[in-house]
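If you scroll down you'll find the structure; I have some questions about it.
Just so it is clear, A, B, C and D label the chains in written order, and each chain counts residues from 1 on its own.
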Amino acid sequence: MRFFSDNAAPVADAVLAAMAAANKVDTAYAGDALSQGLDKAFSDLFETRVAAHWVSTGTAANALALGALCQPWRSVVCHRDAHINNDEAGAPEFFTHGAKLLAAEGEGAKITPASIRDVIDQIANDVHRVQPAAISITNATEYGLVYGPDEVGAIGALARERGLGLHMDGARFANAVAHLGCTPADVTWRAGVDVLSFGFVKNGGMSAEAIVFFKPELAAEVAIRRKRAGHLLSKGRYLAAQIHAMLADDLWLHNARAANAAAARIGAAAPARLCHPVQANEIFLRLDAAEAARLRAQGFDFYDWAPGEARFVTSWSQAAGEVDALATAIAAL
Amino acid sequence: MRFFSDNAAPVADAVLAAMAAANKVDTAYAGDALSQGLDKAFSDLFETRVAAHWVSTGTAANALALGALCQPWRSVVCHRDAHINNDEAGAPEFFTHGAKLLAAEGEGAKITPASIRDVIDQIANDVHRVQPAAISITNATEYGLVYGPDEVGAIGALARERGLGLHMDGARFANAVAHLGCTPADVTWRAGVDVLSFGFVKNGGMSAEAIVFFKPELAAEVAIRRKRAGHLLSKGRYLAAQIHAMLADDLWLHNARAANAAAARIGAAAPARLCHPVQANEIFLRLDAAEAARLRAQGFDFYDWAPGEARFVTSWSQAAGEVDALATAIAAL
Amino acid sequence: MRFFSDNAAPVADAVLAAMAAANKVDTAYAGDALSQGLDKAFSDLFETRVAAHWVSTGTAANALALGALCQPWRSVVCHRDAHINNDEAGAPEFFTHGAKLLAAEGEGAKITPASIRDVIDQIANDVHRVQPAAISITNATEYGLVYGPDEVGAIGALARERGLGLHMDGARFANAVAHLGCTPADVTWRAGVDVLSFGFVKNGGMSAEAIVFFKPELAAEVAIRRKRAGHLLSKGRYLAAQIHAMLADDLWLHNARAANAAAARIGAAAPARLCHPVQANEIFLRLDAAEAARLRAQGFDFYDWAPGEARFVTSWSQAAGEVDALATAIAAL
Amino acid sequence: MRFFSDNAAPVADAVLAAMAAANKVDTAYAGDALSQGLDKAFSDLFETRVAAHWVSTGTAANALALGALCQPWRSVVCHRDAHINNDEAGAPEFFTHGAKLLAAEGEGAKITPASIRDVIDQIANDVHRVQPAAISITNATEYGLVYGPDEVGAIGALARERGLGLHMDGARFANAVAHLGCTPADVTWRAGVDVLSFGFVKNGGMSAEAIVFFKPELAAEVAIRRKRAGHLLSKGRYLAAQIHAMLADDLWLHNARAANAAAARIGAAAPARLCHPVQANEIFLRLDAAEAARLRAQGFDFYDWAPGEARFVTSWSQAAGEVDALATAIAAL
């Protein structure tokens, strides 16, 4: 019973079906109708004109987005525990040609206007210091917390005030929206986000994420840089097909709701053990080594996050029986 | 009737089936059994111990391979018309952090020991000049010609003599081997190749190419750089599945033979028009504008390579009727 | 008797005197009055408002200038034999983060609108090709030839037409202006040049070159990138002092005239041996190995450029006796 | 009366004299006898075989050194307040092609084996995390503290244990050695340092720092990268001359002692105000705004380090009268 990572989940049937339906002679790269239709599909979803590119990983989405927002000699403010800072092998530094990531603090991997100011207000405006160019937030965060429209909006206001770009790493954007119940627009461009990495792979997709540009004028340069990074697949239609399938009938939202619900159920089984509130599809529990071993002995797979702390992730396809079993097992510890 | 690019072809049924078979809960990234099995699968195919990584584009395969062979302050010798030099948006320069590509000459995009020496013998061995680190050849070449084992071996001998790495861009490696009738080993490591970009996407795959390291000690660094470049897919098993399906029962070779046979038939229809011998699956024809227009009016799609010259590419799935029709139409011009 | 390189020449007394005069407690980096006075000094010289930065090498000047004109994913057109292409160890690639240099042809290392078009007109406007961003010309060229205002103007017109920046590598700009007898403005911004690397070190300076921005808005970013490249000296006043000394009373021009006159005299000694007209301070002669040996036996030091071809460079301080002796020796071969 | 920066100091007479003595026709770049003599001069000083290159800034020295010790996809551990982290405009990131700097903690900008382990022990050994490659310490530190041989040795032992390189930023290495009274060897290679940036500019030089390689095999690559970074001056002899003058008769040590003594005197004037012990040539004092204004009104120039904290730096040439005056003025606050 895998609660190790939502990347372990299979691909949704509708996605596979869409890929099979795309399996015919067609135009190469991103010239096909499916790829060309992404701008419209996302513009509809976000209720404003956007541009969008597919890529095959969230790391590529994030790094290309940051490259568009930050010159090599500037910096990006993010949470100390941000995925871009810790888990992408330096991809942001690679794609930006050496920009710095500046670590801000905050509970549950959420940064705030105050914690961002703590970082950037220290930076004298001279040529010796690396000047900030952008802010990046993860929604839902690496600890499964969700920024609401007001929180994003406050950061967006600071970004505008200081002339900084605002990127949202939305590897679990669907889970965030599912939790919030707001529109995708409310928590992105209406709150000041310039570029969103919109994740699908953890949520039922196979190999397609989207970079959504709320400043569509950024998209042309990124199209070049996507190719330069080896991320322009020659049969891109199979990626576009995945995304269209995820957007159709709000599959992305349904899947995220399922994952969130599973997580909520597990979290509810042991509220006193929770390291963070359960808002999206991750549960961080205080577990000592003996307890962890006992759960593993019952067949549960999960991640040792830190000494005495374990991470469980639920997926869109997590079997109800597994969820029940885990909730029961945790309650029984 | 598309003869524009083999990237336009669909995905082979066996590949789709393998992907569907992989569609279950499994380990993320490259930890699954399919990904872990690539080293053995390619070691068997190449009759020696190799290491192999999947990536989703040939550009990524080439650029990662060159990054492993060439430091930022050195250079790679390739043909002036090499794909890495002209059609990858500077990916080799990006992944190597600014190495130079040095253009060598040769008929049909084939370089030779002599033309390589013409380039590197000019380079004084001092700190002012960018020193060569590697040679890259494309097999089959950008003009559809094939280097045989002796030709590769002569370049390999020069590479060893000068302390240079040797990379083979095998976006159409299958077509080259199908033409030669030799073993994959004969035209790669036995001839001195250090790293091969082994292409599957043009030949029935969807989104999986392989970097094959005949010096397996290079693979660990590239695993890191693959992640850093955003090319470590979180559901990598679907890429590995594609490759296993292509290797099973020599599907890669059968498909390439089909594409080559189609090209041969078209080439035979107008031998006097051929710009290059037809050895793999590309046909370059002298066509004036009126002739090109006439073919297009009959429904044939192809690429205007240069004034008076057109490129036709056949795929593994090219319908026999289309091939016949094109051959007839060309002959009738 | 050294005719190997004008870098072998000593530093002019006025320059040393200016450095000694600057030897007092003063503001660090580029905050001192001498450094701050460069914009005005060059604006006066060029009869228009410019911004200027000191750096300590021509390679740094060129690479920083190109970095300002060319993004990492674009390219710079230059002559195949350009110093930036061959003799700077890949500095342009380093400072641009991996842009390509595209080699154009032309007699005497001079490129022309036609030869530039030969290169850029081949580049399809799509994401697969590296698009051009700038043109770089060397004046005087690597073979001692000089572009006049009309020639630069024709290239400048092409640059504007195609939206490309225009850089001039003026390591021997003084020698070019001395030959032309025009104003510095005529052969730079009036002819379309955006950024000039203005060399002083070969012409009597010690360690100070200038980057002159005819688009002053480029200077602020380059000030940051100069620091980032380790080129912001903490005692910058000693560099600024050198440049002011070179500009005072047109020392730069007097020195260049002296070097040019010496070269002209040597060139006149053997007109039939000249590989290129002698316009600046370099003489390229056809010399067989025996002749070269004979000259060396008489104490002359020079550079074997290519088989059967030797390069002699005269400096601002070349002793008249040495020049006479060399002219006589060559005539006597 | 400048206590703002030791970069404000003039150049020592012996250095100017050595530069004047070098002013003759000579070999270009680093081919002259002075440049070629650096390896021996530093080998003598350090009592072991070393290789050494001149560069014109400490930033270049540090960034080239780190480039030799850290691949683009790895990281360097340094103090949060290290000059390389805060005051070099991202030069380490530029020269390493995007490596990360990891901030460790410690009093007075000194890191310790424990604080280094706090950083690196968190880094799981997988491809998602940027792995450490090197440690960099500043001696004397950014707060004027000095690592002794034992402290460096403990860090050196950790570096060897973990396979990490060890770099010392010695912008004020002379001040550190002057304070310690040990040999230069004791606090560098004998304690495990691999590469030292040996500063001269703040200590009486004009524009020459040295990179000293205790692993001489690193020097050849850095010679190439120095050129590629535009740091190979064509008249390098004037830099080498500076360094030889600084090493002759231990001028570097005499000058540093003078600066340290001046700092000690100032520090002794107000021990209760000291933020850090005064060991080298920097004094950090608690001063409120009114007190700072009062000192400025008396003609003292210094740096507002942080609210309520001021930095004073003494130089090798600080006039005794100025030092007395400042000590008196501080005592009188």
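Things worth noting here:
Just so it is clear, a residue touches a chain if its C-beta (ideal position, glycine included) is under 8 Å from a C-beta of that chain, and two chains touch if they have at least 3 such contacts.
Please read these numbers as outputs of a predicted model, since none were measured by experiment.
A count of C-beta contacts for the chain pairs B-D and B-C puts B-C on top. Ranked by distance of CA centroids from subunit D, the top chain is B. One inter-chain figure worth recording: subunit A and subunit B are separated by 34 Å, centre to centre, where each centre is the mean of the chain's CA atoms.
Between subunit B and subunit D, the centres computed from C-alpha atoms are 50 Å apart. Averaged Cα coordinates give subunit B a centre that lies 42 Å from the centre of subunit C.
Residue positions of subunit D with contacts to 2 or more other chains are 72-73, 88-90, 94, 97-98, 127-128, 224, 227-228, 232. Residues 72-73, 75, 86-90, 93-94, 96-101, 103, 127-130 of subunit B are the ones that touch subunit C when the two sit in their complex. Taken together, the subunit C residues at the contact with subunit D in this complex read 2, 4-5, 7-11, 16, 19-20, 23-29, 55-64, 88-91, 94-95, 201-202, 206-207, 224, 227-235, 238-239, 317. Residues of subunit A touching subunit C in their complex: 72-73, 97-98, 127-128, 131, 223-228, 232.
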